[in-house]
Every structure is written in C-alpha cells, then in structure tokens.
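One chain, chain A, links the two complexes that follow: it is found with chain B in the first and with chain C in the second.
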Partner chain A sequence: MSYYFAIVGTRDSPIYEAAIGNPLKDDGKHLHQFVLHAALDFVDDIMWTTPNMYLRVVDKFNDWFVSAFVSAGNIRFMLLHDSKNEDGIRNFFTDVHELYVKSLMNPFYEVNDPIDNPAFDLKVRTIARRYL
Partner chain B sequence: MDQVSLSAFAFLFSELVQYSQKHVKGIQDLEKRLNLVGYRVGQRLLELLVFRDRGSKRDVKLLNALLFINTNVWKALFGKPADSLEKSSEHDDEYMISDNDLVVNRYISIPKEMSQLNTGAFIAGIVEAMLDGSGFPARVTAHTVPVAGFPFRTTILIKFDAKVMDREKRLADK
Partner chain C sequence: MSSALPTYSTTSVSGGSINNAPPSSVSAVGATSLASGPLLVAEPALFGLLIEMGPALEAAMTGGAREAVFFKMEMLGYNVGQRLVERLAKDHARFTDTLDVVKFICKEFWMAVFRKQVDNLKTNHRGVYVLQDNNFRWFMNASGATTLQDATQAMTPFLWFPCGLIRGALAGLGYATVVMAESVGIPQCTFQIKIATGR
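Then we have the complex of A and B:
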C-alpha cells in the first residue's frame, strides 16, 4: 500500500512531493515524476468537462493508477496508487486542499513557490495515514 | 462575518496609493502597480472563496466564473453584489462589471490633471487574478463611467484572451 503524491503548480512543475510507502522502487523516483507529468495532459483535458474538483482516475501506468484533483486556482494534486479507493482518496484530496489553502493565506508564500515546510509534510503524511 | 473598520481600510488604501505614486512616473504605471497588488490578493481570495462558498466545484464556463465574481466576490469584499454585469455589444470577448460607488474609490479624490486615473485598478487586479487562476486569462482595467445620478460609477472592463473564447466555443459545440 504505497503511494506517491505530488502537488503540481500552474506552470506544470511540482511544488511538493511525498512518497508514502515505497512505490515503484525498482525504477526510481524519476519514474514517479515522469508518470505524473505524462498524466497532466489527461488532467488538462478532463478538467474542462466537469465542474468537480475531484477527477478520479485519469491515467493508468502498468498496474498503477493516477488520480487527480484540481483546485480553483488550477493547482493540481496528483496521486500515484496501486489500489482503487475512491472515497478514501477523495477525502485525502479534500483535506490536503484545505491544508494548501491555509498555506496560501501566508502573505509571504507566492503561488507556485515550493512548499518545504516540515509541518506541512507531517500533516500530509498524517492525513495519508488516516485515509489511505 | 467579521467587520473591518472602514476608516482603517481607507487610510491603508490611500497610503498604498501614495506609496505607489512615489515609485512610478505616470498614470499607466500607477494603475499597473495597483493592479499587481490586487493580483496577489485575488490569487488567495479565489482559492479561499471557492473553498468556503462552493465546496468542491470549479467554474468551467466563462459566464459562471463571471457570475461568481459578480455576486460572491463582491459580497465577500463589499457586503453586496455588484450593480451590473454586462456583455459588450461590439466585441464578443468583452464584459463589464459596474459598481456605482466603489468603496476603495470613495475616499480617494482625483485631481483634474489625472482624471484618467481610476484607483479601482486595485479591484481590477483582484478580478484579473481570479479569472487568470480559474483558467480564463484576461486583461482587466477600471474606468470611470459617470451615469445620471452616479458620477463616480466605476466600470471594470474585462477583455478575454482569444484562446479563452476558442475554448468556450469548442466546449459549447460538443
């Protein structure tokens, strides 16, 4: 039960990444980024067809699924996972979105800045433990 | 809903305008500066308001995004929805949001030599950030358009980029 989670900014570069468990361990971390980046195209297509923020599974890679969630300001939250768990993943995205909005309220944080606050990382992992 | 002191805001805003005035050389630059400050506010306001008022729903259609700004955003900022939302009859990609008495302009007096200036550029920046963020890039400016009974009526003019109109057309046809 391992996951790779990334928050992608408006310019398509990751602003936060977290590997939970040990996904795709043989191929290495770059493969996670590659898969998520490729999935971005699908996200871009699907996001205009629905007003929902949660886009469910947008892409599949071998036996891994990519789920996505798009915020109001076009920030994409993407999760690489191997088991289907729609409700858990939706709750996970909603909570992380709330966490993101709170970090955005910081006047010193600009949109698309990398998030390297250890407290943020800890909270994301706690949320992951709760729902995934 | 929290209340903020109007005089405190008026002071802050007038200081903001004066500070910007010292660093620019002209009306266009001043409006651009105010627009930039508003842009930063708008980026945060967009995520916050959608999160609070809309749950997990984004605006995918142009008209819905404009309506959201017209009602929700104005209500959150000024306590009442904007006075009108119109579509320009000459250009397909232009829309106008008007307010008869913009709070930010109420306590700013504009000398005759700068009659082109409208400090509503700050609000225009907020609107521009919200549209840019939701995927509808546009150029937004503020103009003073006096109308009988309301000499200080401000109109926010929104001109969308060509690709926004293309996408709207494509989605509407599907």
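Then we have the complex of A and C:
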C-alpha cells in the first residue's frame, strides 16, 4: 500500500512531494513525477466539467491510478495510488488542503513557494496514515 | 520598529502554526478560523490600525512620492486578499465563470471583511465590473473635515488598501485584474474591476 503525493502549484511546478511506502520501485523514482505531470493535462480538462474540488481518478498508468483535488486558488493535489479508496482519498485531500491553507496564512509564505518544512511533512504523513 | 509594516491578516490555528512564524491571531472581522469557533477582532481596533497605516507609511517612506505610499498600501491589501480568499473559498464549490467569482467577492468576501454585502454590482459583460458600496464601513466614522468634499478628499488614500484586497482576492482565484476605486462622497465608494478577458 504505497502512495506518491504531490502538491502542484499554479505554474505547474511541484511545491511539495512525498513518497509514502515505495510505489513504482522498479521503474525508478523519477517516474512518479513524470506520471503526475502527464496527468496534469487530464486534471486541466476535467476541472472545468465539475464544480467539485475532488476530481476522483483522472488518469491510469499501468495498474496505478492518479487521483486529483483542485483548490479554489488552482493548486492541484495529486495522489498516485494502486488501490481504489475514494472516501479515504477524499478525506486525505480535504485534510491536506486544510493544512495547505494554514501554511498559506504564514505571511512569509508566498503562493507557489516550495514547502520544505519538516513539520508539514510529518503532518501529511500522519494524515496519510490515518486515511490511506 | 522595523521598516516593514507587519501584515495583519495572519491567522493561526489554536493547534500551533505550521511554519516557524509565531502564533498571532488577528483575523478579519467575522472570518471563521480553521479551529473551532470564529476568531474575531474588535472592529475599532481594526479601524485604528487602518487609519494609522496612512501616516505611518508616509513617515516610513522618506522622500518618496505619495504614489509610493499608495503602491505600498495596495500591495499590503494584495497580500492580505490572496491569503484571505484561499481561506474563505475553501468550502465553496469551485468557480466556473468570471461572474461567479465577482459575485463571490461581492457576497461572501465582502461579508467577511466588511460585515455587509456590496450594494450594487454592474457589469458590461466584457470583463468590467463596478461594485458600489453605499455605506462603506471603513468610512462610516470618519469625521473632522468641514465639507463633504474635504472629507472625501482626505479618505481617498485609504481606498487603496481595499483595492489591493480585491485585486489580491481575484489573483488568489487565478484572475489578473486591475482594480480602481473612487468615491463621490463618503461613505459611498465605488470599485471598478477590469478582468483581462479570454483567460
């Protein structure tokens, strides 16, 4: 049960990434970024069709799924996973979104800055453990 | 006192902040915090801070033109608006249309910041929106000038901060805009938003 999670900013560059477990181990870690980046196009298509923030599964790669969540400020939260767990993933995204909004409240943090705070990372992993 | 004025929309949750910023809970009047229960700030304190911002900025910018002060106030508003809107739009459905975004600004955003909604919204459907507030809360208690014209003249610099607030809010939602404000007589004021069409 491994996952790869990334927060992609408005300029399509990742501002946070976390590998939980070890997905795609035989293909190399760089493939995670590649798959999520390719899935961004699908996110861009689907996000206009629905007013929801949670976009469910947007893309499939071999037997891995990519789920996405888009915030009001067009920040994409993307998760690479192999098992279908819609409710858990939706709760995960909601909680990480709240966490992101909290870190945005920091006046020293600008939108699209990379998030390299270890406390943020720890909280994301805790949320992942709780819901995924 | 450092030369940079602190921005005052910093909010932190009562679980401790995420980054290393010290917790300081000032929140826009009426905004709901992410912790349980809304964090409120006394409105007179907010007014006092805003009114003081003008002279304080002018004193801090020695030798600069007045336009530099306006620019700084607008940028302060921009930063505040960006962060505030992400928080206020958190539970709202995503926006499909420019008109929806401006209506959100007129209703929820205005309600959170000024405790009332915008009185009048006009548009030419080509990217220009005019928001009219007949009883702008930040001007309601302004006094000291003899004529209405003088009072309006004195309060005009303070319109830059709400301009920045709106521009930041729209930028936070992904729209590059130009926002201008004017007042024919306080407490009435009008904000004009120009959104670049064909986004």
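Operating definition for what follows: the second predicted complex is superposed on the first by the 132 of 132 C-alpha atoms of A that agree within 3 Å, B and C clash if a C-alpha of one lies under 4 Å from a C-alpha of the other, contacts with A are read in each partner's own complex, and residues count from 1 in each chain.
Simple rule for what comes next: a contact is a pair of C-beta atoms (placed from the backbone, for glycine too) under 8 Å apart; a residue touches a chain by one contact, two chains touch by 3 or more.
Quantities reported herein were computed from a predicted structural model and do not represent experimental measurements.
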Touching partner for A:Ser103 - first (chain B), second (chain C), both, neither: second
Contacts of A:Tyr54 with chain B and chain C, given as first, second, both or neither: first
Partner chain in contact with A:Ala18 - chain B first, chain C second, else both or neither: neither
Touched partner set for A:Leu40, first chain B, second chain C, both or neither: neither
Contacts of A:Val111 with chain B and chain C, given as first, second, both or neither: both
Touching partner for A:Ser71 - first (chain B), second (chain C), both, neither: both
Which superposed partner A:Lys123 touches (first chain B, second chain C, both, neither): second
Shared chain A contacts, counted only where both chain B and chain C touch the same residue: 10, 47-48, 50-53, 70-74, 97-98, 101, 104-105, 111
Footprint of chain B on chain A - complex, ascending: 10, 47-54, 70-75, 94, 97-98, 100-101, 104-105, 110-111
Touching residues on chain C, where the partner in the complex is chain A: 6-7, 9-13, 17-21, 34, 79, 82-83, 85-87, 89-90, 92-96, 172-174
Chain C-facing residues of chain A, complex: 10, 47-48, 50-53, 70-74, 97-99, 101-109, 111, 117, 119-120, 123
Touching residues (chain side chain B, partner chain A) in the complex: 40, 43-44, 46-48, 50-51, 54, 56-60, 133-135, 167, 171
